Amino acid sequence: MAKRICLIAGSANPVLAKEISKYLNIPLTPADVKKFNDGESYVHIEKSVRGSDVFVIQPTSPDVNDHMMELLIMLDALKRASAHEITAIIPYYGYSRQDRKAAAREPISAKLIADLLTKAGADRVVTFDLHVDQIQGFFDIPEDNLEALPLIAEYIMEKELKDFVIVAPDVGGTKRARRLAKILDAPLAIIDKRRPSHNECEVMNIIGEVEGKTPIIVDDIIDTAGTITSAAKALMEKGAKEAYICATHALFSGPAYERLADKSVKEVIVTNTIAIPKNKVTEKIKIISVASLLAESIKRIYEGEPMGVLFENMYTKMKKK
Amino acid sequence: MAKRICLIAGSANPVLAKEISKYLNIPLTPADVKKFNDGESYVHIEKSVRGSDVFVIQPTSPDVNDHMMELLIMLDALKRASAHEITAIIPYYGYSRQDRKAAAREPISAKLIADLLTKAGADRVVTFDLHVDQIQGFFDIPEDNLEALPLIAEYIMEKELKDFVIVAPDVGGTKRARRLAKILDAPLAIIDKRRPSHNECEVMNIIGEVEGKTPIIVDDIIDTAGTITSAAKALMEKGAKEAYICATHALFSGPAYERLADKSVKEVIVTNTIAIPKNKVTEKIKIISVASLLAESIKRIYEGEPMGVLFENMYTKMKKK
Amino acid sequence: MAKRICLIAGSANPVLAKEISKYLNIPLTPADVKKFNDGESYVHIEKSVRGSDVFVIQPTSPDVNDHMMELLIMLDALKRASAHEITAIIPYYGYSRQDRKAAAREPISAKLIADLLTKAGADRVVTFDLHVDQIQGFFDIPEDNLEALPLIAEYIMEKELKDFVIVAPDVGGTKRARRLAKILDAPLAIIDKRRPSHNECEVMNIIGEVEGKTPIIVDDIIDTAGTITSAAKALMEKGAKEAYICATHALFSGPAYERLADKSVKEVIVTNTIAIPKNKVTEKIKIISVASLLAESIKRIYEGEPMGVLFENMYTKMKKK
Amino acid sequence: MAKRICLIAGSANPVLAKEISKYLNIPLTPADVKKFNDGESYVHIEKSVRGSDVFVIQPTSPDVNDHMMELLIMLDALKRASAHEITAIIPYYGYSRQDRKAAAREPISAKLIADLLTKAGADRVVTFDLHVDQIQGFFDIPEDNLEALPLIAEYIMEKELKDFVIVAPDVGGTKRARRLAKILDAPLAIIDKRRPSHNECEVMNIIGEVEGKTPIIVDDIIDTAGTITSAAKALMEKGAKEAYICATHALFSGPAYERLADKSVKEVIVTNTIAIPKNKVTEKIKIISVASLLAESIKRIYEGEPMGVLFENMYTKMKKK
Amino acid sequence: MAKRICLIAGSANPVLAKEISKYLNIPLTPADVKKFNDGESYVHIEKSVRGSDVFVIQPTSPDVNDHMMELLIMLDALKRASAHEITAIIPYYGYSRQDRKAAAREPISAKLIADLLTKAGADRVVTFDLHVDQIQGFFDIPEDNLEALPLIAEYIMEKELKDFVIVAPDVGGTKRARRLAKILDAPLAIIDKRRPSHNECEVMNIIGEVEGKTPIIVDDIIDTAGTITSAAKALMEKGAKEAYICATHALFSGPAYERLADKSVKEVIVTNTIAIPKNKVTEKIKIISVASLLAESIKRIYEGEPMGVLFENMYTKMKKK
Amino acid sequence: MAKRICLIAGSANPVLAKEISKYLNIPLTPADVKKFNDGESYVHIEKSVRGSDVFVIQPTSPDVNDHMMELLIMLDALKRASAHEITAIIPYYGYSRQDRKAAAREPISAKLIADLLTKAGADRVVTFDLHVDQIQGFFDIPEDNLEALPLIAEYIMEKELKDFVIVAPDVGGTKRARRLAKILDAPLAIIDKRRPSHNECEVMNIIGEVEGKTPIIVDDIIDTAGTITSAAKALMEKGAKEAYICATHALFSGPAYERLADKSVKEVIVTNTIAIPKNKVTEKIKIISVASLLAESIKRIYEGEPMGVLFENMYTKMKKK
């Protein structure tokens, strides 16, 4: 444990960084983070971090390449400035879906990123709900992968919904949905897209009871929102009510806002791992803050205290309700 | 491309190594591979490999720790003996199911193994049907993950079965089953184990039509054969016929042989990535050799020729039938 | 020397890549290089590079972060696709001016980039006129830093200008200017910006004879063109004629095009290390291609032939004129 | 110095670990260490080690490959669980006799092991009486090689034997024997096996006076006990009394127990660096515990205090007697 | 921060080490540092450094290769002796002028040295006035490059000279001279060596007013003193007074002492980064000690306090005068 | 195998390099290898080595630190000059006797050197008769340790001596002496220095028959020649004739020449792994060249042919005699 702790924000989500700073009552270390005329990122840490444990807060959300390079450059500056231990807090881990070679001669970008972060100077990484758990294995340094699902579950619980069903929007999401169903003690449905026979169209096959129920569709990332909104529509067609859609990471690319506006979607529950522009937030979108969870993690990492407790507390709190 | 190519067999599957050697018409480089009285593995390469491209054939099948250490020691010996490039051919990649932290403070052994192999001297690795694709990303060296599914498909095709259905024994295996179904142009069923409500027993929920059909249950590994034989029984209860069970890797641990003897299982189709003791092979067990596929891969790696062609040829051959 | 040579183009300067391909009569290896909706770069090499010596052509020019990440991802894909040796041809090396800590707690981004390229899979790097020579030392892999000055000198020579003087726009550029003056056997002038005394304005102090002469101002990079166009104006005020401005790398950021349009500038001579949008090229801008020089270098690297010859030939050719 | 210290036992010598734990009054951190049905080792650290200095106690004694892989996997789990510093306490260092290439194309397994331990996460290693001192040089991390000889000397001293001689069972062991002779202020004899001339048998040539004396034969490892019991017999033939045999590491492989039962052997003095099965311990075998020595070392490493003191104290204590 | 701090001196500048030790009131850790008959360097640290933060003081001044190897060997010994963090204090960084490839097939020795130091065990490096700033980028570990210029400025200020001018002995030294001129609020002159035309001799072109003034010529290193004494002579020819010559590093090789004895040189102001033999120090040579500056830096590194303050204090002190 | 092979000589043993060059009929690649005024080593390879397999010939004999740094700098230059594979031929490996920690807080310099060579760019190392075999294990790159003993044996055989005995000058040298005795089919004697009892002088105890015989004392290194000449004297006192002294490496430090002049020494047989100044070579000193052996090894390494053959041939040749 170093004598001091420092928090530094990149440009990707300064609001989240400020929330964490406030929670911990530790001011953000001032840093000049900018882009030059020619597009090169530049970082200047403005106060000494010598001998400190430093936590850099930077999701690698869009513009992912700018945020990634900026993060790598910050790590380099901190390492050269004699920080004692550097933790990269990456609430959203960009390139996490390029996690394997789906075809010959593809990169495995999620692994590459892990290597680059380590090379640049990260001693430890903290993320939220990685797209696949194996990404932890891409690192040789300690990697704490936090979970936002309990926060989402807590929020849903407070709604005191009746007769709802947790839905995985595709077979790959079964594990996540099953986990949420277990926390909320709710039934589960899975949407299985398939072609009945060779020359027929793909159909949305729904496994589990949904008629007359309120579906809560859960995913890790909402990118263009195609899969999840198709799921909401298909559920409605099968007699389900308007759907709650929840996910940890709100990428909201391309047609996402438009699609989420569809009447089949009642509410979109996401977290602030990625900064959502204020003018884009509609009434339908509920943003749950992960700041306190991250702040507590930072405290525990700094003090060498167990992290699991954090989640146990959360579940206890939920159970009491 | 080195001037010469060498093949070396560890003690885990010498028969497969011999088949490959015969196919390529390249003799196995003699090596003294043994265990001392105190249990230490020992390796002595008996002919010069200086400047050669060397291919070591060693699945890390049970006894996995012995086979692993032996492989690492062989790599060390080859590196120090000035081999030009060393490829570890690991038809079965032990520890592949310890691929993520399912709980706090667990290892990620599949990543550790990748690091150990690289450190010991492997320049390249060839595997078969890795448990999860992300394991390729655990390596920073080239990793060719070959596929045995087409060989299995080819064998099934030759049977000219009528009215069969491909079955995934759990939701996690959907992707693999769908892939086999596509190759064979067959329908798909998924077994979803779940509890209807909180205090009821887990039931085998079968998604897809199986009644009166011949199920072909597919998995990557048969370990104790618990999951796959339960699936066969459940299918039979739902009116399906006796099942064909197929998998790439035949671990056959503990009660496996006993379970596979059950009447619900008609045939067990596996490959020889793992050596099966001769006295354990019953009539029911069909072993498909991956030797020619591996031999062709070795040839292509040595000569710097594309590998994809290999599989294209296989599909073309299948289509012609 | 591998059996085959492959050329691959990133998205930063495909025209240059095509010129090189044409010169060498080697087709570009097709690759799908794109950005997803969420801004992540994606690369898929579409033909086998197994066992080949691969040359990736990608200046890390604006948008520098996108081009950098794309390049790193390409290197990862090529490494995993079993390329024999990978050379990153980076005609313009972005972040080259962040080459030292000008203040405490700054990064040394040019070193970071060198480390990232190596980590991602580059076995060798080729650049043009690095901002400072020490950047070669940032690499532990071979780094060939080519020189465009002879190409520029050759072009100027063909103009058969009378009574011209080579000008360094600041003291730091003296070495480069002196080198050009030596090739062209011309006199040299240096512009030294300084304050006569504490509370006076900075003045442009010109060292050397310029009155009535045609100045040829030389720099390595034209970014916003501030320094170089101020120099042209100051020279004109001291009685010099309209200036020729020359530089290897045409960043042309922000107000650059506007400034270069000034009447004190007669011609702007740059190379195509950075792609200049066609619609931005005015009559005043002369672009010299480095394609043949790069192509010859690639050939020599592939064949293990000396590179120096290349430049000797160039000088001989010049002398003959 | 971390805030906390943790002790963890592998499965190779849990009794020694418990002794250390008791001495230090620090409970062993609970860990689930087991083998699956398919033979894969599995480790789950059951309490947080975040920020702690962790000491893993695991000799890599037979079954050496199982114990080695288990140790590597524990290191991986501890590293990923954010331990501050990890020390591998390896009282017996398996593969230590494969420390050089005795023939072309042999491995140097003792070096390989050093590399694997470091790669897996060890920050420091503690051993006992390494087979050759050069093994310390196989590591780039700090390696403390403790000495059990003083413990053995102390035990012999307490016996108050008269007229004894220290014997090296072969020329290679001269240094060790000389060291013991010096501590005990006793004469030395060396056994030199050689062939008098080309076609004669190997004879045991004894250098030094042994007739009528009590020989104390000293070695580092007793493996199959061949060398050391032949020595005892040869000494008896030359008129010496029954021999005391002492060694640090009691491998006791193959025919060892049988051989040690010979009447030429009076007592076998070993340490508990390797766990000896209770049912194998006869009256003749005296086991000296290294627990307190290891415990004191752990304390000094944790607190950053000199280790040499430890041995100085031991000698002072001996001298006083 | 470790529990203890240790200072160790190599053989290159023991006097400086003693001064630092005295300032900090921390005794030097005794070490046996010597050369064997065959010229091999040998180091034995004579007191425990286990768990300490160790600062090794060793400029790599002539005999540079002996001092370099000795330093590397000390780092190895300290690393193996379990030092917590090792800082190499290298007041003069040998090979710093071999910082780039001036010709094809040259080494970049200054980078090589950085790699060797890191490999041998340095966790951090402290230097003085590196020949070029980019050398900091040759390191991946923290590198603090201290500045002696303020110390020199302070000394000059105390002289209360009238009508003096700071002179850069060549164009490359402009930046350094400008910096000193700014601290002392003095005018600047630059000496530009060049040939007026092709077949004329090189002349010393002096830019700036020097007639009747006292020149203070500033450089980083005085090697054979050729450049700087030529400058002094040239200035005198142009009507300047006797020159003050100042530089951080006093290599004083070959004819240096002789040249500095010239009447054009009034005083030679250097620091003790390099030990100057007592018998070589004439009245003309003023040696300023960097000991207090280094001592304060060591304290700040050990305690994790900012270093910048150090220099701010110095400037404040100067301003007050 | 690269297209070309290059030989380069450092300054430590240019005569040996020329012999090798002549044997192979490959000219030495010209290189400017020198020391600057300030003692820094400098290397400039004067012809292209791009894509070549380069063999650098440099024993790290006295002045060991100069030769070592020069070698490291050559490796750096060759690596940056795009050599394909770099082999460091180090006939005498300096620091080889600092191979273990004989006391706490000593370095293991022989390991450090191995790490430095690898870091600087060596891909492979060739040595002669390493002081201990374990040094091979200090490398992670291929290390071929050649043997000069057969050359020495061959020379002795040609003398057709009668009634000679091979002598190990201390117990540690028994293995080497036994090996020579075996090649020459001769008896063996060992000199064991010891103190009969606590307060008596050390005496030379000779094990084996020497009276009236011609002793051939064999060692690996002759440093100050103390041990080996004491042995010769002791043997003479015991009635042996004048001794032949043989060793691979002729360091000849301090009083060596004087000592070897003693009448008890008939002839000193060494090799040219270390360059002996011409004026120091007396009639008594016989220097056997290792050039042809090294040349053949270089050829085999370059062509990827087995090396063992080399020695088999040598033995066959000897047997025929």
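Order of writing sets the labels: A, B, C, D, E and F. Residues in every chain begin at 1.
Following the convention adopted for this analysis, a residue touches a chain if its C-beta (ideal position, glycine included) is under 8 Å from a C-beta of that chain, and two chains touch if they have at least 3 such contacts.
Quick caveat: nothing in here was measured; it's all calculated off a predicted structure.
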item	value
Subunit F and subunit D - chains in contact with each	B, E
Option reproducing the contacts of D-E, where over half of them reappear, out of A-C, C-F or D-F	C-F
Turning angle required so that subunit A lies on subunit C, C-alpha fit (0 to 180°, nearest 5)	180
Farthest chain relative to subunit B (centres taken as mean CA coordinates)	E
Interface sides of subunit C and subunit F: same vs different residues, half threshold	different
Distance between the centres, which are taken as Cα means, of subunit E and subunit A, whole angstrom	50
Subunit A and subunit F: spacing of chain centres that average the CA atoms, whole Å	62
Subunit B and subunit D, separation of their C-alpha mean positions in angstrom	40
Shared-contact residues (touching 2 or more other chains) in subunit D	48, 80-81, 101, 104, 108, 111, 115, 136, 140, 307-308
Those chain pairs that satisfy the touch definition	A-B, A-C, A-D, A-E, B-C, B-D, B-F, C-E, C-F, D-E, D-F, E-F
Subunit D contact footprint on subunit F (complex, rising order)	99-102, 104, 108, 110-111, 115, 132-138, 140, 145, 171-172, 174-175, 178, 185, 187-188, 190, 192, 194, 197-198, 205, 207, 307-308
Subunit E partner contacts - residues on subunit D that touch it in the complex	1, 124, 136, 140, 142-144, 300-301, 303-308
Residue numbers on subunit E that touch subunit D, as the complex places them	2-4, 47-48, 50-52, 79-82, 84
Complex interface listing, subunit E residues touching subunit F	36-46, 48-49, 62-66, 68-70, 72-74, 76-77, 80-81, 94-95, 97-98, 101, 103-109, 111-112, 115-116, 119-120, 223-224, 251, 253-254
